[in-house]
């Protein structure tokens, strides 16, 4: 049975749920339960986040002085490269889809699991194998090519452990592809009766769009890195001009994936925000179909803008004009989303709980990050801003200020569902604000540094750039605190947190109709959906002041 | 471990299971198109940049063997399609026979490929292994020829790898078919492996003209 | 440097004022939207703060007119941003014809620059103020990028390619240049200084310095004979190859019927991949010199061929190589 409030008004954990259904390390390492696999991913992505974060800290400390003495130039070049590789491929790309997506998609659509649970587990193992190759590369000489692996530096000139690293990323790509495949099939074929496409939560739409990018883009980076690796190992000439190859071809192939990859990193976070805002404003999202449609639009248009990373390679001016125009087009759906989220707040009943703070923080930071993209898409400005700290600030605003905030906010929002417990709200709010302040202090000065002309990937810089670098490092220390706090109290809450009950917020999604934590098979009985998403006004089961029905006790279990 | 043909736990009913399996294979094949596509793009661009050397190098690979392989593979797609048909009309023995034929043809393909690779090895046309195309010619010519052969081996090698995986799948299918598992109600694995096999065939149908036929005069 | 806490670099080239103006324009638009959304969010956050535990919000599902407005208006604004940038970029990618050409070679981890007279500099570039300067750049190893923030210009330097960039310095002084494409260990140390001088000072500097280095035109002329180019490319156009007199910046009709302009990239391509474009009326006989010439050699040959502008054009001779600047 499900949780019922006890006499004191609090809750007890359900007697049986996915965490205690079976015991022992084998039951975890050989699980096919999407919820357990999500937690396996949670642990591994957090591990890579630590690695990437350590490298970032070292970078910022080194850059306190113009001729940094913390590390040698060779080591510095390895630090920023490995920071990028660890964060992008092993933290950001998997994070929301593999942790929250895996956990929630079946619950949100009323299914017992994903379409291919064993392939889901395989995805995680492939990720681990890829990760091992990359860690091996880090440990045996490191990697100093930049995460972009431009040739012929990476394929001919670099003396670092390039081959295991590209092999590792190649392997990891299959983890992404299989996850995307799993999501697409699941969303198409396993929706519960009554769960039509336009009743799907926007989180699901976001992951559907992301999965399109997973399956279309990832194979291209796979083959590109394979060719670059072969070139390096066998002295072939695909991208080496001395042997008749073309370094620009590498860039085209690389960016064909790596640009859509940035949409892989942000679309799921946007999906999280689209769940949080209606929940904590207690009203439907403004413009549901526009938000759903804009996710698909971003995924599609995102495949046509890659060469905006190459405006200054000598590519034809006609190509540059085309890609600049398309890059402006891809910005429009994101703008639409931002206006829609903001409008959702209008006449809402807004609570200031932690997930909402993350949601608003996301809007603010994504706003700045996205708007600064307009500067870079502008051909005339990009001549000046290309490869400067302006670019670094731009993408960190989106990837950290946007995607990571979405991830951490989502973890908080669904924490009660995942663990059955609540985190300490006061501490959580403090951490959210700390994160927001620290982030801005770290990265805003970098916009200015970029316009002043400070190039990226510099281990030392002219003294006139020092003031802003110091500001940035100071901010980074606050940012680090903002990340450490949740890691501590979320872990603490797993044992000592207040029991949450099925729907503490309450929220309207199907996942909230299950116990917290849910049963292994999610639903006792396959649900039948006959309500619209975020329809607080017509949900009498949530215990809110809805007209036309007496106030009920908060929902318990899956009625 | 579930027996094939029974309902897996995550699905509501067999229809949903079948639909998911089929959609899953189609989505997977889309990823394969993109995977091969990157190399096809690289080859095409390089071919248009170095037409003479690529033409010369292309003429040095055995057209006869390539054509033979094309016929072999297309025939194997036919036998594969026949085994799918046989399952749909319930002729269980025919299913096994056609699967075996497909496997034989696939193995013939791989054998011929092996001969071709051996020839290239003997002629020192394998990049990375004492490569030498035209000893007297310029550095550029040899470099561009090496580019051709790098792509030749990468593309046909990746294709052959997919064939080997296909052969493995066929062996598994033959085993299951031998036990009479496939009939009108249930032939999903045969259908899906069939899709995969046809895809691998189509890749070859693009590879063959691109590598063997252009500039062949 | 100007103030203690500068927000933008000096404006020292023809591009700088327009780039900065565009920056201000885009910043203004973005600031407007950023402030508007922030104010709205913060205002709503406070104004609609939940009052009672069970309170819900007013269900508003959407508004087509609003959606249309905030789709179309940003789109139109984005188009203006695109246009502003496109104008500057197209100008930047089409160097004027009357430029002072400087040859630049980037290699790990230094820059070699050569003035038209042959005078070489390392990590230093002297140019006269008010003159259009074109940099013709090649790399000896990996991808680099030559960037001058105070001029608002940069361009990648790609091995196997020629890339050109141009600017007109508008203010005398010394300005930093940087390598702006990660190129290995000492990427951050691969910078130098651009010195912009009054024209008279520039001439004086040019002639006064020890010009012991060979004029690239002279070096190119020697190579032209050494590598036997002169045996086919006869000046009267009657040899097996087109005459190169006056070829630079002229129109060349190709065997496939198309016409192209003989710019620096075409000259380089003709040396390294001669069969890529065959001149009408000639056979594809020229061998490739890929692998036989260093980047400096190719630059010298290019400089020599450009110097043939001033030679008389043959009266007859197939190849239809027309003299003239347009």
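Note that the chains are named A, B and C in the order they appear, and that numbering of residues resets to 1 at the start of each chain.
In the analysis below, a residue touches a chain if its C-beta (ideal position, glycine included) is under 8 Å from a C-beta of that chain, and two chains touch if they have at least 3 such contacts.
Everything quoted here is computed from the prediction, not taken from an experiment.
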Arrangement of touching chains [line / ring / star / complete / other]: complete
Contact-richer chain pair [B-C vs A-C]: A-C
Separation of mean Cα positions, chain C and chain A [Å, integer]: 37
Chain centre separation (chain B, chain C; CA means) in Å: 45
Junction residues of chain B, two or more chains touched: 49, 140, 143
Interface hub residues of chain A, defined as touching at least two other chains: 242, 244-246
Junction residues of chain C, two or more chains touched: 290-291
Residue ranges of chain B touching chain A (in the complex, touch as defined): 9-12, 16, 19-20, 23-24, 27-28, 30-32, 34-39, 41-42, 45-46, 49-50, 127-128, 140, 143-144, 146-147, 150-151, 154
Touching residues (chain side chain C, partner chain B) in the complex: 273, 275-276, 287-288, 290-292
Complex contacts: residues of chain A adjacent to chain C: 73-74, 77, 144, 146, 150, 152-153, 156-158, 241-242, 244-248, 281-284, 286-290, 311-314, 317, 320-321, 324-325, 328-329, 331-332, 335-336, 338-340, 342-343, 345-352, 360, 363-364, 367-368, 371-372, 374-375, 377-384, 386-388, 448, 451-453, 455-462, 464, 467, 535-537, 543-546, 551
Chain C contact footprint on chain B (complex, rising order): 49, 52, 138-140, 143
Of all residues in chain C, those that touch chain A in their complex: 1, 5-9, 15, 18-19, 22-23, 26-27, 30, 33-34, 37-38, 40-41, 44-45, 48-52, 54-63, 66-67, 70-71, 74-75, 78-79, 81-82, 84-90, 92-94, 108, 141-143, 145, 147, 149-150, 152-156, 158-163, 176, 178-189, 290-291
